[in-house]
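Please find the structures below.
Here chain A shows up in two complexes: once beside chain B, once beside chain C.
What follows is the complex of A and B.
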């Protein structure tokens, strides 16, 4: 894949022609790209293969112009034929391993997941990213129960490949999803069904950047045992836990002075602090 | 031909007294002082040698273990004959030390230091030197030292790493405040798991010994006030400042008034016992403490009748059991069960072989022994 930073995406947009009667697919999707969409998926569950192929060719030209990856829902063969960047699979589509065999190691393979078990399985099977949802009830996928932001939080804790929250997300409720730990947002009808898709994309990106700013405010740069370490640990106790050292008997030094064991929980870390964690030597 | 004793030994401390901060006055202070060394393994033997050669008036040794071949690589006071004779470490060390400096009063106690005997052992000494091999006993020693307001000089070594610090009542925090008490996990690195190189022993013992000499010669202002962490392989050395006593701590709190928050009222908390059962045993030895003292001779006969291969000396009985383990029994009522790390198994063996020797079933006071 010639887009090494594709996984830095924040806003993922999916086509839904039924949501914009009277406007062409290409026009609407160009508006999303003008608005700043980082990745585009062609999703057409009702059209013929020939129709999907034509749309894929059109979107390939468009996304090249904006240097944005194009993902095709369901059709690995169309991915290859149009030189798209990857495929998106549902739980009932072909297995990840089979898609990988067809597409080779460099194309992107994403898959929709609806619970943490599916998410962990996808990660294990070699997916490049997963969809997490539907977070809220949505008309795009009627009949599927919403999983709520608690699954988003679970994914944020347990999944290390990129995950994108999806399903009923709008500029009005996106803060809730971001607060649950999502860093990537996907929206379908709220964007392509909007009278001004570019403005809606900008509204989403503004909320995402605001959340990133808050997160960055919590991140600190520490020196731990001589090595630079980025952490959101608030106190020494939290840092020890994050580093998995809580079951060891430690001597902890902060900026040259040992911190008493009983004060770990209340000793706050500030950016730039130097921390030494040394295991107590018990032999004699 | 032979000169009088006084003349022969007149120069014994000459190179030490020529060192200006000590001088003749410092030497007299050393002669008038007494120290307790707890644990006479690697660190303890080296510390004892430093104290005895330096001319400290009284050196008290206490250790619960006996000399084995695996000790000889680093425990400087012991030799092959001690290991063959299975001498208790405190006894073997005292024998050597008396030959090094007969002017020093050396007492050797073969015992496990615990909450019941620690205050008496530390009574009247000017400082306590740490030669132990576990966090639990150190916490107990720190507690008694802060209560009796005598310095505790911590040292620990494992692998090629070591640490040392002078914990000074009225000035520094106590050990429990620094590393956590019984609620804190883990005993720290031990020689059992990491092995240990003899140079780190000598380095850490030297770090402890020099601070002891400063304190005993009246050079308290020269004492190093940092926590030293050293690795010799790869080399790394680091000093960390030690905070002062923590308000609210029963041992090091309320230092301005010159006494700990508990003053005279409380018992020393028996942290050692509560922790001991949690110490992992890398050497496959479990210590079981029975109800009352053993009569070694009678015990030896009884074990021989049970078809055990029995070795006896003045200080202990060792019985090789047919099941592969061995029991090492001390007159103070302790059994070291060698060849198992399983406490239940150790208690079971003691019950079986020592029935009738103590007040019945062994108490649940079990500790795993590190190779100190």
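What follows is the complex of A and C.
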């Protein structure tokens, strides 16, 4: 697989055999790969280790064929044994540092998080990506309270490693999750439980790409303090926040004209604008 | 010095020392030196923020909450238009309308461009700024700046940061003689002695930065400047003696042990 680009993934699919009675795991997962899934995770909380190992071997062959990373839920040893690409951990599983020690620097380590504190801790501890959810109530994890899209928005603001929104996401509600700032979507039952997993994957990808297109349409080219910046900030207020400069005593100039602080929120930016952010420094 | 007020644009200042805030070894040293200096006017520069840092790294956070007049400079400008732009940015920060016009005409000497300085002074005074132009030590130019609306004129003693002291005391003396606005010697001062000399020449104040910030002990040097400026001012007001070519004794000859004895000459 194309390892350096694994983190460009958009659609992450997880196995759930109970959702497709009468169809084999390999058949259903191949359908998701045909539909365009970018990452596959093997998740089997009920089977024996031997069963999980067998499934991992089968999915390893399949994912190699489609050049897609394979992640194993919970079993670092099976990752090594099948040469899978990484492991996915829960909050109560072994610590990230321990998984890293077992797997070395090159395997992918992901972890589920349910609040921003866990997310920041995961980032600090060296996770390669995090799961953010469950966004909506889900039968896959009954009893766990949904975190809603507000946590997605929080993660989008504060987390710099890839994060994937998960939990009760379907083609019908995915737009809401994308609008909150998610760029990567994970779905379990909506995909593998669908009569046509390939078509469902395509439906998800179409929504994700549409959101990306909208995002790209909002992007503006600015010159900020002489430097080219790309931004989707609508106003000066938003730009100052995005640049993390809101705690400084700034004076802002837009195309050579000073914009008073009281007007930042209503002063819109257009592509091509030149913005200067200045402050006082020591001088004689 | 209650009977000798120092007034700029209607504001009476407690200190004749205008304090530059650049190039101090640390914010803590800057604060301590400022404390020791007794200065009430502080200068600083306007620069682009560092977008790589989100912390408040402005010099203001170290000097706020003092009873202070803020005198931003237009350093970096090489034309009147650039200086005007910087002045407007500085005013927008909401710290008053004082501005030190500083327009460098040459990168090596940083000497002020007289034509652009005059233009900027005229325009900014017209826009309601309190303009203190840094200027060359030319008496005619200083007169013209005053006429253009400068609230004080600030001739340099020597180029910025050189510490060469007062290279043309004669010109500075002429400027002081004719000025109807305060004369502040800005730039080139090297030590407390130069500051005292400038004050004795009749300057109304001193603006210094590098000689404090780059002294081995900036805090002690700030105190030295405070004392020197006060001493120089008092010396000026007290009126120095005229210079003479030959000695004149400090005590009368009369009553000397070696005076010819009274009565011997029979003159009385």
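The working rule: the second predicted complex is superposed on the first by the 241 of 284 C-alpha atoms of A that agree within 3 Å, B and C clash if a C-alpha of one lies under 4 Å from a C-alpha of the other, contacts with A are read in each partner's own complex, and residues count from 1 in each chain.
Please note the rule applied: contacts are C-beta pairs under 8 Å (C-beta built on N, C-alpha and C of every residue); 3 or more make two chains touch, one makes a residue touch a chain.
Here the structure is a predicted model, which is why all the values come from computation and not from measurement.
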Q) Touching A:224, do we find chain B (first), chain C (second), both, or neither? A) second
Q. Now for A:17: first (chain B), second (chain C), both, or neither, which partner does it touch?
A. neither
Q.
Looking at A:77, would you say it contacts chain B, chain C, both, or neither? Reply first, second, both or neither.
A. neither
Q) Just chain B (first), just chain C (second), both, or neither: which does A:262 touch? A) first
Q. For A:280, is the partner it touches chain B (first), chain C (second), both, or none of the two (neither)?
A. both
Q: Look at A:176 in the shared chain and tell me whether it touches chain B only, chain C only, both, or neither; answer first, second, both or neither.
A: neither
Q) Which chain A residues come up in both lists, the one for chain B and the one for chain C? A) 247-251, 253, 256, 258, 260, 276, 278-284
Q. In their shared complex, at which residues does chain C touch chain A?
A. 20-24, 30, 43-49, 51, 54-60, 72-73, 75, 85, 88-90, 92-93, 160, 187, 207-210
Q: Could you pull out which chain A residues touch chain C in their complex?
A: 224-227, 243-245, 247-251, 253, 256, 258, 260, 276-284
Q) Where on chain A does chain B make contact in their complex? A) 246-251, 253, 256-263, 276, 278-284
**Q.** chain A-facing residues of chain B, complex
**A.** 39, 41-44, 130-135, 138, 155-158, 161-163, 173, 176-181, 184-192, 194, 196, 227, 229, 238, 240-243, 246, 370, 372
